[in-house]
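A, B, C, D, E and F are the chain letters, set down in written order, and residue numbers restart from 1 in every chain.
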Amino acid sequence: MLNAITAKIQACFPAPEVHAHCDGPCGVYDPAAARITAEAVLSMTKKIVDLQPAGQDAASMVAYNNTLSRYIAIKEEQAQKTKEDILILWTDYFKPVHLEKYPDLHDIFWKAAKLCSACKVEVSVEHATELMAAVEQIHGIFWATKDRDVQWVKAS
Amino acid sequence: MLNAITAKIQACFPAPEVHAHCDGPCGVYDPAAARITAEAVLSMTKKIVDLQPAGQDAASMVAYNNTLSRYIAIKEEQAQKTKEDILILWTDYFKPVHLEKYPDLHDIFWKAAKLCSACKVEVSVEHATELMAAVEQIHGIFWATKDRDVQWVKAS
Amino acid sequence: MLNAITAKIQACFPAPEVHAHCDGPCGVYDPAAARITAEAVLSMTKKIVDLQPAGQDAASMVAYNNTLSRYIAIKEEQAQKTKEDILILWTDYFKPVHLEKYPDLHDIFWKAAKLCSACKVEVSVEHATELMAAVEQIHGIFWATKDRDVQWVKAS
Amino acid sequence: MLNAITAKIQACFPAPEVHAHCDGPCGVYDPAAARITAEAVLSMTKKIVDLQPAGQDAASMVAYNNTLSRYIAIKEEQAQKTKEDILILWTDYFKPVHLEKYPDLHDIFWKAAKLCSACKVEVSVEHATELMAAVEQIHGIFWATKDRDVQWVKAS
Amino acid sequence: MLNAITAKIQACFPAPEVHAHCDGPCGVYDPAAARITAEAVLSMTKKIVDLQPAGQDAASMVAYNNTLSRYIAIKEEQAQKTKEDILILWTDYFKPVHLEKYPDLHDIFWKAAKLCSACKVEVSVEHATELMAAVEQIHGIFWATKDRDVQWVKAS
Amino acid sequence: MLNAITAKIQACFPAPEVHAHCDGPCGVYDPAAARITAEAVLSMTKKIVDLQPAGQDAASMVAYNNTLSRYIAIKEEQAQKTKEDILILWTDYFKPVHLEKYPDLHDIFWKAAKLCSACKVEVSVEHATELMAAVEQIHGIFWATKDRDVQWVKAS
């Protein structure tokens, strides 16, 4: 069954064309984009958990609510960007030939995308940490398909 | 192997929570959103193929270039929206329990997403028509998982 | 007076050209887009009203604030999309000829757009329900102008 | 009939609340936003009409196509922003009490919004000039409702 | 050193081309865009400080949270737009020749941009007021470079 | 003079707070984001220069125009993202203390931002290459301020 679908998709995209992160195809894909935003998701999640109002007066509570509200919105935005960058790799970079070599490819990306959603819906350091691991796994697979040994360097 | 991953994902999302098209979860998913934009992709593709300048004078050529440029940009935008709406269903609505029932689920969505990209990269009535068919297939699966019989009604 | 304006507008847009939801004109208009987002507005409004923290501990309160903040943001986004989709119909699909047949057209759309804003500003199940009714009314008028009998099918 | 609808809308929005350009309500409305973008639409339209390739060589043609493509895209974007800014005034600032004083209000905004679409679809200096006039008319009505005498100052 | 860089930049942009707010270049720059959004930032900041729940019942608290959450999001959005509009002037309108006349130009814009960020991070009427002053200063410099005497007119 | 302004800005931002790429502050800044998009700008610029229609028939010309139009739009989008990512570093990450150490800081960022605009306005491999060099320079300064030795790794 899988072979039939693979064949169908290959028929659909016969040329070994290189599509890119911008759908160009510009040929420039880099999991670092998803890594940066996933780091932000983890950072914001930790900051939300740790956030405390400086006092119980009106000004402190307003400042607390402003910061909390912004952190949640930024976590949302960064998780969404992570999801988009991951899915661009899945839909545009990875080809049937990669699927043969990595038969779990679909599930790896499905799980990673679902982790992005979980990081929005929850305030979970555990899931945000798992998201970082999922992005690192994708980083590994991606560069392996290019026969390049690119280090996993975090900004934070 | 697949079972192991499925189990892992289920462990990650134990509750039978309902996520929705807006990542809310608001519980409102509807493949009609992807259907409307896919119709626009097909419509714009046909119009691009048929477009002719009204004459060879400067005004006609400027009008032609304006229209052609806009059609291409709209095709791009609508194909991108179709891709996003399809992927929201895949990443947020569909759960491991659905994957068991539809083992081709990942490949169906992968192919549909790749068709969206193909409709951007090319001016292909054939691929735009296949995209409509892919969205109709997703419409069928989606409503079947909800035990509802919803008609496939096109706007155009 | 109205006739004078109608004439002026007709002079401005003499050709019976079909503009579409994407401003293309791709010819693909469908009030279903506004219906889906209006359903989300109503769903989120109800969920906001019903939302309770699971407990008074820090983790429960953080989870509550995360969810509340996201629901409000999603309600905002979906109400904005509803407004945009409604206004595209009003500004691009409907023509002077329709205004003659539906002399209340402007007020119907004005009221619907104002309901979208009200659903942002307030947390009102009543106004969100009225918005659904307004979108259904627009659905009815729209398909009547196309001499098509399209069912009002909700996703939720 | 009109009175009945007006009454219904008034019932819907009983308080004399001030909604604003950002849907806040922040109370800050200013037709200058629509004026700036409408100026850009007119400017880009003129530049598109006047644009000529510097030569027939490949580099000149590529430069010409790059510029033409960008001008069309910017015209589109600025016309869309003009439309959005105009419609915010119509849907959020103007109230039934203003409609009584300006019974043509709906048609003025409808025509202005349709001009925005026309400026996208066409490369028409005439329609872009009419759009500027429409925005100036709205500027006049707007400040009159605030009993302020604000000058119409253009940037270009 | 500064002269060397200035020379390098001038070499990079030899022609006295007029770039504009839309990067077109459409030639239409106007600090009024930044002024409108900065007014909104100040307005929302004041409203956030003044906001009180109407009561302690569930409905009042939900309404309060909805309004607070929206005000913070709008303040964020408007501060971001102010920042973008200010930076377009700095990166696209101002040229080395202006820098010679206004040697503090870079610091003026840096400070103004940092004030936009401060208005997001904090709920500070003081910083929002300083932002308005910074935009007025930019308004003054901008019109001076065009030898035009344009009044500073606020909408609120 | 510079010292006075620096002092004023320092007074404005007394705390050594860490703002981040997402304006959070999430503390996650990484010039890799600007590097990825700058690579795409260079890639698209080269592809635009090299693009040729496959033939003179209608289908070939339509395919050529579709590709050319998309490449120009992607170049625009990626140059805009590069500009935004560069400016976030300048406005949010860099502080007066860095300016003391790098007195050319403002001019470096001004030039880099102007290069982004030049890469939109023109189809220039030379300027796109200079943009890559400017981003690499910023990469060097950025990591030096963090006392980290991070390699400059390109994706393409």
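By our rule, a contact is a pair of C-beta atoms (placed from the backbone, for glycine too) under 8 Å apart; a residue touches a chain by one contact, two chains touch by 3 or more.
Which protein is which chain? UniProt says A, B, C, D, E, F = Superoxide dismutase [Ni].
No experiment lies behind these values; they were computed from the predicted model shown.
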Superposition of subunit B upon subunit C: rotation angle, C-alpha, nearest 5 degrees: 180
Option reproducing the contacts of E-F, where over half of them reappear, out of D-F, B-C or C-D: C-D
Chain pair, B-D or A-F, that carries the greater number of C-beta contacts: A-F
Length of the line joining the C-alpha centres of subunit A and subunit C, rounded to whole Å: 32
Chain centre separation in whole Å, for subunit E relative to subunit D (CA means): 22
Centre distance in Å when subunit A and subunit D are each reduced to the mean of their C-alpha atoms: 38
Residues of subunit F touching at least two other chains: 23, 69-70, 73, 120-121
Pairs of chains in contact (touch as defined earlier), listed by label: A-B, A-C, A-E, A-F, B-C, B-D, B-F, C-D, C-E, D-E, D-F, E-F
Of subunit B, residues touching subunit F in the complex: 48-49, 68-69, 72-73, 76, 120-123
Contact footprint of subunit E on subunit F as seen in their complex: 1-2, 5-6, 8-9, 12-13, 17, 19, 23, 25, 80, 83, 87, 90-92, 103-104, 106-107, 110-111, 113-118, 120-121, 127, 130
Contact set on subunit B toward subunit D in their complex: 62-63, 65-67, 69-70, 73
Contact footprint of subunit D on subunit E as seen in their complex: 20-24, 26-30, 32-33, 36, 39-40, 43-44, 47, 70-71, 74, 77-78, 150-151, 153, 155-156
